[in-house]
Amino acid sequence: MPNPQLNSNGELRHLLALHGLPKEILTYILDTASSFVSVSDREVKKVPLMRGKSVFNLFFENSTRTRTTFEIAAKRLSADVINLNIASSSTSKGESLLDTVDNLTAMHADMFVVRHAQSGAPFLIARHLNEHGLDHIHVVNAGDGRHAHPTQGLLDMYTIRHYKKDFTQLKVAIVGDVLHSRVARSDIHAMKTLGVPEIRVIGPTTLLAPAMKDMGIRMFNDMNEGLKGVDVIIMLRVQNERINGALLPSAQEFFKSYGLTPERLALAKPDAIVMHPGPMNRGVEIDSAVADGNQAVILSQVTYGIAVRMAVMSILAGN
Amino acid sequence: MPNPQLNSNGELRHLLALHGLPKEILTYILDTASSFVSVSDREVKKVPLMRGKSVFNLFFENSTRTRTTFEIAAKRLSADVINLNIASSSTSKGESLLDTVDNLTAMHADMFVVRHAQSGAPFLIARHLNEHGLDHIHVVNAGDGRHAHPTQGLLDMYTIRHYKKDFTQLKVAIVGDVLHSRVARSDIHAMKTLGVPEIRVIGPTTLLAPAMKDMGIRMFNDMNEGLKGVDVIIMLRVQNERINGALLPSAQEFFKSYGLTPERLALAKPDAIVMHPGPMNRGVEIDSAVADGNQAVILSQVTYGIAVRMAVMSILAGN
Amino acid sequence: MPNPQLNSNGELRHLLALHGLPKEILTYILDTASSFVSVSDREVKKVPLMRGKSVFNLFFENSTRTRTTFEIAAKRLSADVINLNIASSSTSKGESLLDTVDNLTAMHADMFVVRHAQSGAPFLIARHLNEHGLDHIHVVNAGDGRHAHPTQGLLDMYTIRHYKKDFTQLKVAIVGDVLHSRVARSDIHAMKTLGVPEIRVIGPTTLLAPAMKDMGIRMFNDMNEGLKGVDVIIMLRVQNERINGALLPSAQEFFKSYGLTPERLALAKPDAIVMHPGPMNRGVEIDSAVADGNQAVILSQVTYGIAVRMAVMSILAGN
């Protein structure tokens, strides 16, 4: 089965997952993003690349934060943005996902930015568009279930490249609830493709995916062990709803074992950077002294996130 | 009492209902819509006809779908659109409908797109504006109670004209809960004005309006009878909240008597078109084989809906 | 401690409260607003002063009405506006106020319009931005707790100046729940600065702030006494949730003692104007005959409110 993300020329047609995307495309997106970083610094933060295009934010799962980043990115590209909070909309009237998509397609949508609690929903939409020959409509996955969050993965890669230049010399640790994290999954696939030689995951065994061992990923239950000598630390957000559940102890217990404190950070390389996809739970997975310290690049991630989303949207709209 | 929709020159001042609008105006809107169909096909889907105008979507009843069509139409005309979901707003603070309107008028609104659960609400607003000499502010009814849904009626007429060319030779059947349907009401008035010679309504007696007999409409309880030889079938949406109530049996029962299946469709003319205002309840009022079949023009209705709304808004703003 | 609203040149950097702003700045805002009144009257209601700027409406407290006025003002200045209803967003995920602000800052926000149930929240944000040297990002307080509502205060001053020309000859009465009113507080500070010689507050003792006596404000429990000979009457909105509580009797009781009727209005000067920040409770604090009468300037307040907000935003963006 061909990769639904690429057209027959191997160009990006949808952005659904970083898994399966060739290194050239990842690098092309990062390079394009560089040129957009400066746009947001200008007096007039707008380029006309998507003027008159209709971008639909289809959020079947509420996320003001992610929706906002896409909305800003699209507006800075001069697109018309229509926000659809679908939880409260037609699907509650019993209309199917694909009927909703068909309807918006008939309104001459150019792009769907899709967030969905179910893994695979953006794939379903992309495949449907492909099957109907709607080559001019593009899908961007803004997070689907536990599966993928490719723009987060890309902005993480942009951030790592910005601070560390060369992927092929790095030790990177991902800490926390790796098992349920679409961010971790997207990061790991991208790092594999971009040639990061050592990827570690750190967390309690119940929150690590055994299959990762087969991918050559090193697994650590002891955070102090896992952080030793790494260049990059990617902290994951602890989902509040999982705390005090079967898999996670209390917030204080979690912090004691896996919270990133200045003492633990000192085990990594002295110039190691600390990343977090946000929103942070201070005092749960990360100590405020680290979050606000000078090794944290968490706000740079946000800034680069806008540029990366502008890059993805303009590349898709241009193809 | 003069028709509040027309100014003293007989030009369209508000779009409140299709009842009472002369054929010339209906035809003028449909002709204008033709020119907008191509705008949505362009690379840059925008015309500057309403640049700097403020369009307020006043939705006292939630409808993401209809709100979206108006939002897109207004943005493609380059208007500034402000969405007000009034259920959660000032009226809940006890402010009256007309106080809300007065306030938005004082902010120099140019157009109100009004959706309201109560029949007549958009008329109330239009009359209020007329009485205060606010001739430059226009009201579009986006659906009021069981009364009217004029832009849906117009897009249905556009669709019929597109596929059938001549209204004066047609047999059209409307199927389902005609009694409670503002769509049916708007369609019937428009078809009467445009010269459709034979209009049929099909449904259980409890869901048909006896008054329709006086309008020369043929009423059928037997769907097979009613569909015989028709050119156009307009299926109505079954309101889920009515199923299993006093007037409607279960969804399966309804489908058995009034669901549009391929077998029943075969009773109509071979080139009959199937319409539905959406969102569809597949397996309740319509079989998926019909909904996705090649006689269905349901997605064309959506496309023409944008053009028709652009036409209505630009005509109102231009008068 | 320096005034966080002003930069080192004494220019407006944030608009947080009218208290502490020099007369020159208040007058400069009102003068600038004059030039914007005409913009909203034009065929194309837009000026390019904030093109490409990103304005974030941060509403931690729901207020469709106030949010709308800022949204319109920003759009008429050609800014990109992003609405964040934060009640349903990241703060519910446990992210702190300042983390949210840091994130939006990293997205290259230019302006935050902040509404918050807690007094001081916009100050906290402004101080945080100042401390981090983010001089190019501006905060506008759109109402914080019981503390301040400076754009409402400014539009009230604009309205008074428009109708009465000279502040220094006026008697102004504020009627109702002065104790809990941020509008009253902002109005009083502005009037003190602009030289209004006689300010009166009228209400039951439980709803008047004793500290006002020290500011030279005359306090009245008897409305008939308090209205005698005034030039301007500012009615406050009775908060429904306070009625039938410990401080307020029933709506009818309140109206009997403090509702503005035509009879009571007749006690003021014959050319007195009646103001209300909206939304009005007709029959509670104001009689419909007064609200719709020719001494009411309530809708003018709304109109001037757009111009004043355009003035504030463009002045901040320009400094």
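Which chain is which? They are A, B and C, in the order written, and residues in each are numbered from 1.
As a convention for this text, contacts are C-beta pairs under 8 Å (C-beta built on N, C-alpha and C of every residue); 3 or more make two chains touch, one makes a residue touch a chain.
Quick caveat, the model's predicted, so the values are computed rather than measured.
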How would you label the subunit B and subunit C contact, same or different, if same means the shared numbers make up over half of all numbers there?
different
Subunit A onto subunit B, same sequence, C-alpha superposition: rotation to the nearest 5 degrees is 120
Calculate how many whole Å lie between the centre of subunit B and the centre of subunit C, each centre taken as the average of the chain's C-alpha atoms.
41
Would you mind listing the residues of subunit B that make contact with two or more other chains?
none
Listed in rising order, the residues of subunit B that touch subunit A in the complex are 40-46, 62, 64-65, 68-69, 71-72, 75-76, 240, 278-282, 299-300, 302-303, 305-306
Of all residues in subunit A, which touch subunit B in the complex?
51-54, 80, 82, 84-86, 88-90, 93-96, 99-100, 102-108
